[in-house]
Amino acid sequence: MPNQDKQRGVQQVDVHRIPCSGPGDLSGVQALLDQGVLRATDIVAVMGKTEGNGCVNDFTRDFAATAWCHFLAPHLDCTPAEVAQQVALVMSGGTEGVLSPHFTVFARRWVPAPAAPPGKRLVVGIAHTRDFLPEEIGGAAQIDCTAAAVQEAMQDAGIADAADVHFVQIKCPLLTAAKVSAALGRGATPITHDSYESMGYSRGASALGVAAALGEVARDAITHASVLADWSLYSACASASAGIELEGNVVIVLGEAEGAASPYRIAHTVMQDAIDGDSVRQMLQGALDSNEAVTQRLVNLLAKAEASPNGAVRGARHTMLNDSDINATRHARAVVGGVLASVVGHTALYVSGGAEHQGPAGGGPVAAILRVLP
Amino acid sequence: MPNQDKQRGVQQVDVHRIPCSGPGDLSGVQALLDQGVLRATDIVAVMGKTEGNGCVNDFTRDFAATAWCHFLAPHLDCTPAEVAQQVALVMSGGTEGVLSPHFTVFARRWVPAPAAPPGKRLVVGIAHTRDFLPEEIGGAAQIDCTAAAVQEAMQDAGIADAADVHFVQIKCPLLTAAKVSAALGRGATPITHDSYESMGYSRGASALGVAAALGEVARDAITHASVLADWSLYSACASASAGIELEGNVVIVLGEAEGAASPYRIAHTVMQDAIDGDSVRQMLQGALDSNEAVTQRLVNLLAKAEASPNGAVRGARHTMLNDSDINATRHARAVVGGVLASVVGHTALYVSGGAEHQGPAGGGPVAAILRVLP
Amino acid sequence: MPNQDKQRGVQQVDVHRIPCSGPGDLSGVQALLDQGVLRATDIVAVMGKTEGNGCVNDFTRDFAATAWCHFLAPHLDCTPAEVAQQVALVMSGGTEGVLSPHFTVFARRWVPAPAAPPGKRLVVGIAHTRDFLPEEIGGAAQIDCTAAAVQEAMQDAGIADAADVHFVQIKCPLLTAAKVSAALGRGATPITHDSYESMGYSRGASALGVAAALGEVARDAITHASVLADWSLYSACASASAGIELEGNVVIVLGEAEGAASPYRIAHTVMQDAIDGDSVRQMLQGALDSNEAVTQRLVNLLAKAEASPNGAVRGARHTMLNDSDINATRHARAVVGGVLASVVGHTALYVSGGAEHQGPAGGGPVAAILRVLP
Amino acid sequence: MPNQDKQRGVQQVDVHRIPCSGPGDLSGVQALLDQGVLRATDIVAVMGKTEGNGCVNDFTRDFAATAWCHFLAPHLDCTPAEVAQQVALVMSGGTEGVLSPHFTVFARRWVPAPAAPPGKRLVVGIAHTRDFLPEEIGGAAQIDCTAAAVQEAMQDAGIADAADVHFVQIKCPLLTAAKVSAALGRGATPITHDSYESMGYSRGASALGVAAALGEVARDAITHASVLADWSLYSACASASAGIELEGNVVIVLGEAEGAASPYRIAHTVMQDAIDGDSVRQMLQGALDSNEAVTQRLVNLLAKAEASPNGAVRGARHTMLNDSDINATRHARAVVGGVLASVVGHTALYVSGGAEHQGPAGGGPVAAILRVLP
């Protein structure tokens, strides 16, 4: 029985995929509020795709997060800054190729238990780590704090068994020139001086924290030297996105629990490489009854993308890692966004770049949130 | 009976897809010569994917073309500059995403007619237009000269019926700041002052020339105002690629003819939009016997990609046309390259960006060259 | 006597150049409020340099403007949206090279006339045009509305003689793919389909409006065909910056008037090309007594930059207009920012890109705001 | 007495700055040969500015070097590949901002000693190191081999005293994804996995090799940990440029020697930061008689540029190191190119990006080659 510490009934999660005309456009959200379809106080997490470069100086993430804070503050009766402590706001930059900017909003409420238990249904939980020092990014502190926060978020979601976790979204910090400089001034040694590279370290350590929390990798198998080096260590559920707009990690756990009343389920798989649409097709066929259309049931795909670190896809050289005009994560999002859109027929998908220790090298986790038809 | 003006027998075309480690790397070609698999004097056309930005200042196209000229000159007993008059060298820049740089080499020779006529088989023909003045680019002169060159190349290929043409590759010039300045100095009016935009006009006019030559669009239905405006006018076979390295159009016609002895066939279709992998799957299923693997038979896909000019894919907004960091053609190649690679399982595909009047708005032609198993 | 319609005394303008750590960082502004140095209700105009690409999809401008709206709303007792109607918020994207992001804040109040009239001093006025239809951008409507708004802003500033105007800052809209599409759908014809190019048309028409208002160019000498074509028509005071975040023009007039009590003066010149530091040195030497240091007196330089449209600087070819990886305005800001910083010794300068009809072709206006030492 | 091992007379160096219309355009060089002004067999070194991105995938460097090899091969009676062993071909990518693509050609011959010894005059010498393994780049092997090659090149130039060396140009290799992968496969550990970052390590180690050779820094003061960390260690003469097109370092030493017959002198200084035009002005005033114009005498400036690693210029934040759309070296070249062009009045300057251990942090060496008027 999930959510035993909450006496208000059983958990019911609603998921809304809402398009936007720019990072600060929440008119679609307002419309749902106006229609009574969504209640602002129920919003527990937002996963946004914003149209920046998804790299160091992508301010569309901060812009969108700030817009959400200003938007929700009067509803939550707190300051804009306090909103980010109550709601997990994860903005992932980069809508390269066909990807369409949008927000996926998770709303959670507690309802009376339904007459007939519906089987496993979607649940969601969130948690925050403490802020990290610049020199902690990419290292043990970030791994361990993330692992603890994942377990906290599982508890918040009412998930007891790691096998019921299907996707763990992390938002994690990066190193800027200013932060590196400050750390060096204190005699501390950041893991890299390069901002763009720090994003990879932060994502990689966060993903290993997820893997440890879910038992996918034994914690003591992860050493300082593993991060961004031993690609055999990975989580099949982790999705980490680095951003300039925060100093600690935010964690969203998506999974299933018996007894929840949500009209959604969630499934996941792993793309073996950036063009592995077949794994996604199989996951969808497994999760759906054969005669139901994907278009009717799919709310969103949540996926990670990366340029394979060995410089090749199925044996043929790619040029993403040597491209000094377009960062590799941008290429990777464009590819995986296109592949997934060709499978499911729409383009407002959550595809996030940089899949270090998130799925196998060159591949990445993909989760599907599916509507349960009445 | 094709090639009636050539008394040496029937046409036999061989196609080689050859990877390279950089724009100037022809070691793979040399290896084929050394193995006796390819004869330099048979080479009639080369379609390269090079790893530049595919836009105005992409010198990888010129670098590769120059390398080919230096490579072939001793074999053809001419100067490097003269090679480009004998062989159609079409270098298309841009290997965004998973696309892998490579050359597709078409070799043609005349062999004794086989005992049993094999049915329709691959043939190839080439032609060149005259050089264009800057102010002619994007206008009637380019349309008409291209149409004439397509018919010349059909004749060279031995194709009498436009229905047997499956792909027409054009390499066409663009406007640089210097050329615009020179034209204005003469009192002439180029169609645009913007170099990147001129690439679209040059591709669009060239494609309309193909459409006119093949009877897909009536010549008198095309006016000055149609170019880059009336997207209902298009060729389902045209593929045009603009480059800084030439002043006239180069034309390669790929099609089929009865009696040719080539161990290849060619088929084509049109992607309706950038994520329309299904049309390509259907074309391959139609062209292949059901129990044959694509991987065994496919030599290469030749495709065009573009950001849909109405700013949306299947109704959802895309951001490609508003992106001032990455040009839209680069996004489009990354997407279509990923989608096609997910269909056929390899990434050394010829995907060229900017599909103005080449397929429907937002989509583009795709041809498949398939090996005929003995 | 300026400002005769305001009975509260004489105009006193204060100017603050305030660094920021990102587009949404107004902590430096808050500090000035806390110190009592600046009063929020006095703020009449803000000219920001934000760290985006300065082109179409630069959301740092919108982010900063939105932050200002949220920041000022409680002080002005209005909604955030209404702030933009009361205060001229001009955010110019792009801090390429050494340029340092910052805000220049103009505060205006009315004080008792000083005992001794100080001679000409800095005054400021603002105005807004109506919103433009997509097809009006770059054409006569934008020119004429801008000219009228400049005269309105001169009146607001208390300037009667155009010779006392030293800098006219315009923020103007651009065309997005969506706006172009909408216009075409209505049967209207936007001046260009290309978003980036539309920025140039919008800036150019706005600058010609300034030139007409100030009598630098006769209105009837400006035709539809002049815009972005006849570079002999220009304003020596206009600075126009295009952005995605508005639909009409915002106008800030900076000049001098007898009797104002501001402890600042303003001077201007024209750079003849992007490396013409000498003109700026001469202007500063003319405006300053010889023994005063620039560093003591200079508040800020306000300048326009562009890649010379003929493709050359002092006879040598430049590559800015053919660069498909970095837009020409970005190159130009980096150059002019460096040149100006080498003259004045600091880098938080207002350098805006795209100087169509703003100064001579390849050059641009530069104004210096100078503190008057007591 | 310089060049004592060469019995043909005294050294006479000629320097030609030759514009080009693209990386492969040597028509300007051919014109000088045709005019008898330059003899192909005298060419000892070429320093080119080519119009690529100057980063990892800048093939304009390789294109230009290859063009030179094909151009000189018949003159030197060797294969194109052998040309690079006889002539030091250093192509530096990146002509951001106003910089104009060009080649600076150094021709050396031996002439009878002039009647009156002219004082110190320009001399040039070259050398090559062996090829480096991927894991040697950025480390002791590269430092030591470079130091040895500098001394070899000094000897070739006829310079005995390090004080007579004014500029040492290095072309050095970088790590590609393929090289990193190969090294890791052998169990070796490259200094970084990131291609762009490897360029900095390669330049930094090369510059420290120059500093050691010239006695600017004691060799035993340089440890593995110094590279890209201890910015107090630097050469005031080194200029290193990394490229994908070679595996070892090429060294060009430019300096002066008594008795040489060259009609040129050379001077150098150090810019303290990217906007330090004053140091260059002072150097030129010191080297020139007061009444001579720079424009008459200056052949070229040779300079290094970088984004200051502490993230600020004269105390104000810059955004170059956090920019994921444009690499910092590109910003830096645009700035320094503009500053230097504003000092000397022309834009075909050799400004190379990435000044690690080349001048102080954020600054860089600048040398001026000056014509001696008869």
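Worth a mention:
The letters A, B, C and D name the chains in turn, as written, and every chain counts its residues from 1.
Methods note: a contact is a pair of C-beta atoms (placed from the backbone, for glycine too) under 8 Å apart; a residue touches a chain by one contact, two chains touch by 3 or more.
Being a predicted model, the structure only gives us computed values, none of them experimental.
When the C-beta pairs in contact are tallied for A-C and for A-D, the bigger tally goes to A-D. Taking the CA centroid of subunit B as reference, the farthest chain centroid is that of C. Centre-to-centre, using mean CA coordinates, subunit A is 41 Å away from subunit C. Chain geometry summary: the mean Cα position of subunit A and that of subunit D are 47 Å apart. For subunit C, residues touching at least two other chains, in rising order: 21, 51, 53, 57, 178, 244, 317, 319, 325. Those residues of subunit A lying in contact with subunit C across their complex are 21-24, 51-52, 57, 59-60, 62-63, 66-67, 70, 80, 178, 244, 325.
Within the complex formed with subunit B, the subunit C residues making contact are 53, 55-58, 176-178, 181, 193-197, 228, 244, 309-311, 317, 319, 321-325, 327. Within the complex formed with subunit B, the subunit A residues making contact are 19, 21, 51, 53, 95-101, 274-278, 313-314, 316-320, 325-326, 330-332, 334-339, 341-342, 345-348.
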